[in-house]
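Provided herewith is a single structure, encoded as structure tokens, for subsequent inquiry.
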Amino acid sequence: MLLKTISGISHALKKKEFSCVELTKIYLSRIKTLNPALNAFITITEETALNDAHQADQRIALGSATPLTGIPIAHKDMFCTQGIKTSCGSKMLDNFISPYDATVVQKLKEAGAVLLGKTNMDEFSMGSSNEHSFYGPVRNPWNLEAVPGGSSGGSAAVVAARLTLAATGADAGGSIRQPAAFTNVTGLKPTYGRVSRYGMIAFASSFDQGGTLTRSAEDAAMLLNVIAGMDPKDSTSSNQPVPDFTQTLNATLKKVRIGLPKEFFTDPLDPKIADLVLTAAQTLEKMGATLHDLSLPHTPLTIPTYHILSSVECASNLARYDGIRFGHCCEHPKDIDDWYERSRAEGFGLEVKHRILMGTYLSSKEGYEDFYIKAQKVRRLIANDYIEAFKKVDLILSPTTPTTAFKIGSKPNRVAMYLSDLLTASANLAGLPSLSIPCGFLDNMPVGLLLTGKPFDEARLLNVAHQYQRNADWHRRLPKEFS
Amino acid sequence: MERKDILKFAKMARIRLSEEEIDSFADFEKMHSFLRQLDNVGVTGIEPMAHPLEQSQRLRSDEYDPKINRSSIQTCASHTKDFIYLAPENIKKSTD
Amino acid sequence: MEWEAVIGIETHIQLNTKSKLFSDAPIHRHSRESENPLLSHSREGGNPENFNLDPRFRGDDGGSFRGDDGINDKASPNSQACLYDLGFPGTLPQLNEAAVKKAIRFGLAIHADIAKHSTFARKNYFYPDLPKGYQITQHEQPLIQHGHIDILLSSNTTKRIKIARAHLEEDSGKTYHFYTPEKMSLDFNRSGIPLLEIVSEPDLRSPEEAKIYLKTLHALVTKLGICDGHLEKGQFRADINVSIRKKGDQQLGIRTEIKNLNSFRFTAQALHYEIERQIALLTQGKTITQETRLYDARKKETRTMRLKEEQTEYRYFPEPDLLPLVIEPGWIAATERQKIALLLMQQNASI
């Protein structure tokens, strides 16, 4: 059962091979046994799960089930869930029971998915290793000494360890794709605007995009079918029509033009990762795709540009945490400033404080023109590189990360940590859909392949990924202690 | 970036820093020079990009939803009385 | 020596929409007084939302309790504040079409340019009545620019007052003091009500002109049907910038700003006082400090609220939760233009 994907489980549920309640109980018991080693859940919603499962069974019996009815899922703890703690990995929101559901949560609920719990994450999505959570670091199921990546590290770890069938995540600079690569999971960041941000606790509003962590590209397509679409509650959600992403999974790869940007295959990339990724590219070539060298010349500027803009947005987005209407507040304040300064000092962790201060500085008169406006212009240059590239190719292929998962506590400083998003953040700057899939192992640690497409062309990414997964079995491999 | 600058921006962001935390900003300088990489990029004639989505603002029709559940919303707050939120008094008044 | 006052006015008018600028929370204009425990009238009855009130928070005018702006709100506290208005995590703004249309109607009436492309920005500062820690406003690209309003002076001559810009922004919540000892009370019912901020050029030269300008503007926005215009409810509030210079000088003097005036009479009084104060300072060879001042109507004087160096740096940047507001050429219907032309004719006849 643990090897099945969503369509397999969905089929079995409808044929009544087992019930949703039985399935849910198996997952809940796995979570109880195996989660302590991973620390991947902040909240386990056992009661909700059993309730959801019971309702799903009734729905199946009535014949009104959707493909996701009865499918156990987990939400990254930045998606607001009504009546359930939504902490965003922060002490600031440790006491926050959301009074409402995020649109993504609501849509999956309506489809009949079963909520197993809320997953651990870097505090307010700021991090690439899941070491910056108030609830402690998440461990990588492939090596408990290693990080699972971040910020959606909990979601990646629970999918990899088969503690759920699928999980939601969000990606501002690589927060879905980098952990997916580190844990042998399929991670999809849709086009900016494809999935509603309503109810997703914001880190950087012009970068954040909700997406999925799953066992296969097909599963990702099934989830995207449900969560995608215009939401009146999010002004930045797109008006673009949403196709059925499962319909094109088996389209031929003949004449699909795949670009390999040279800037993504150089230092500091581990050359052995490059070899694995190129081998995968050749597999696609054998299936009919054509490979093309190309250049995205502004790639080296990705990380500074991303950090300037995202820090400014985050400093402003996190100004609402003042302890008055929700969230942590200090004891015995002397006056209102004392209240603000101590509540925020106590509620936020160090990494969050660094980003807020950096963002405050960069949007102040000392930093605005030189850094912020400059970075907005470089953002356009980076986006223009992609526009040029997509005149020649249909999608772009590269490694997802420069290295495999690193050891907990091993990054010497912030800049080194920030560089883990080197290959992923440009898709966020340009707002493009991007997908990481497993493509091999290096010293027993998973390696990810990144596919980045034209705006709103998730269908193409999922099609290529699915065809690859029909010819390779990396994505089916399980970490030993969790098989 | 000197200590006084760090304290100034911390004040602006309403975060009180401990001595240890102030020390942790030693790598602010490293970060700063990292961000300075953009200095030499030519951007003449390039329009700043504020947002990745090329779309105009949607408008909501002027209808209201009267269902506001104060009791439920206010369970999130630490200090309320008679549906009023409470905060410490400000010694020095400022706002607009 | 003859002195001349130079006056510019920023007026905030509440647009009379049914829902808020960025949320679907209601804006009730006719709520019952008995619903608000911040008011002094307690009432018997089974409604759990009514409270017997502690006499301590009766206002110092002996009558009713007042918010910081001196205005009583009748709706029960926080009964009109939805999750967005309270700045809840994950909530997002949705722009109200009626607010945009009302702003455009004003733009047309003052013969202004209506921007085909305008943008929203965040104005960042901390104050307990500002739930998100920033106010969404328009900064670099406002919806309305370069208009004018003609005012009729007592000499029976008309004077043209240029309007630099008018832009949409959200109102803040309100703070109340003394309801509970040593605590500030917060009511977010006002949070998110649409405001049109109308910024005049410094074309006014006397308290009387300022008063006439405000009365003319008030008549215009009420006639246009975009603002209910109840001054006592804070629906029409003015911030006045004033400086003085020797008559004939081209250069402007150092200005002070008097905040939050919501009466024509007080505006003229405040300006009289402030101009005299500035003249007295300069005549004594002293300098004027650039600062924000408040008018105390009881003492009939203005006093320092905060100095320029105490002013917050707002760190404006483009609002990433909203996209550019694009006004399509066909959007402003010819009928709308005709209707406004008719209203303007009526207005001119009534002056």
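Each chain gets a letter, A, B and C, in the order it is written, and its residues are counted from 1.
As a convention for this text, contacts are C-beta pairs under 8 Å (C-beta built on N, C-alpha and C of every residue); 3 or more make two chains touch, one makes a residue touch a chain.
All figures in this text were calculated on a predicted structure; none of them were measured in a lab.
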Note to self: With contacts counted as defined, which of the two, A-C or B-C, has more C-beta pairs across the interface?
What the structure shows: B-C
Check: Taking every chain's C-alpha mean, which one sits closest to the mean of all protein C-alpha atoms?
Finding: B
Note to self: Centroid of chain B to centroid of chain C, CA atoms only: how many Å?
What the structure shows: 24
Next item on the list: Compute the distance, rounded to whole Å, between the mean C-alpha positions of chain A and chain C.
Entry: 43
Check: Which chain A residues touch at least two other chains?
Finding: 96, 99, 206, 232, 235-236, 315, 319, 322, 324-326, 336, 340, 360, 364
Next item on the list: Would you pick out the residues of chain C that each touch at least 2 other chains?
Entry: 83, 86, 88, 94-95, 126, 128, 184, 186, 313, 320, 322-323
Next item on the list: For chain B, jot down the residues that touch at least 2 other chains.
Entry: 12, 14, 50-51, 53, 55, 57-58, 60, 73, 76, 79, 85, 87-90
Item checked: Contacting residues of chain B [partner chain A, same complex] -> 1, 5-6, 9-18, 21, 24-25, 27-28, 30-31, 34-39, 41, 43, 46-53, 55, 57-58, 60, 69, 72-73, 75-79, 85, 87-91
Note to self: If we count contacts the way the header does, which residues on chain C are in touch with chain A in the complex?
What the structure shows: 83, 86-95, 122, 124, 126, 128, 131-134, 184, 186, 313, 315, 317, 320-323
Next item on the list: Can you check the complex and tell me which residues of chain A touch chain B?
Entry: 96-97, 99, 192-193, 206-207, 232, 235-236, 238-239, 298, 300-301, 303-305, 307-308, 315, 319, 322-327, 329, 333-342, 344-345, 348, 350, 353-354, 356-358, 360-362, 364, 370-371, 373-381, 383, 413-415, 418, 428-431
Note to self: Please output the residues of chain C touching chain B within their complex, sorted ascending.
What the structure shows: 17-19, 24-27, 37-38, 49, 51, 76-83, 86, 88, 94-100, 119, 125-130, 172, 176-177, 179-180, 182-188, 239, 259, 292, 305-306, 310, 312-313, 318, 320, 322-326
Notebook entry, point to check: In their shared complex, at which residues does chain A touch chain C?
Noted result: 79-80, 86, 88, 93, 96, 98-100, 102, 197-202, 204-206, 232-236, 312-313, 315-316, 318-320, 322, 324-326, 336, 340, 360, 363-365, 368, 372
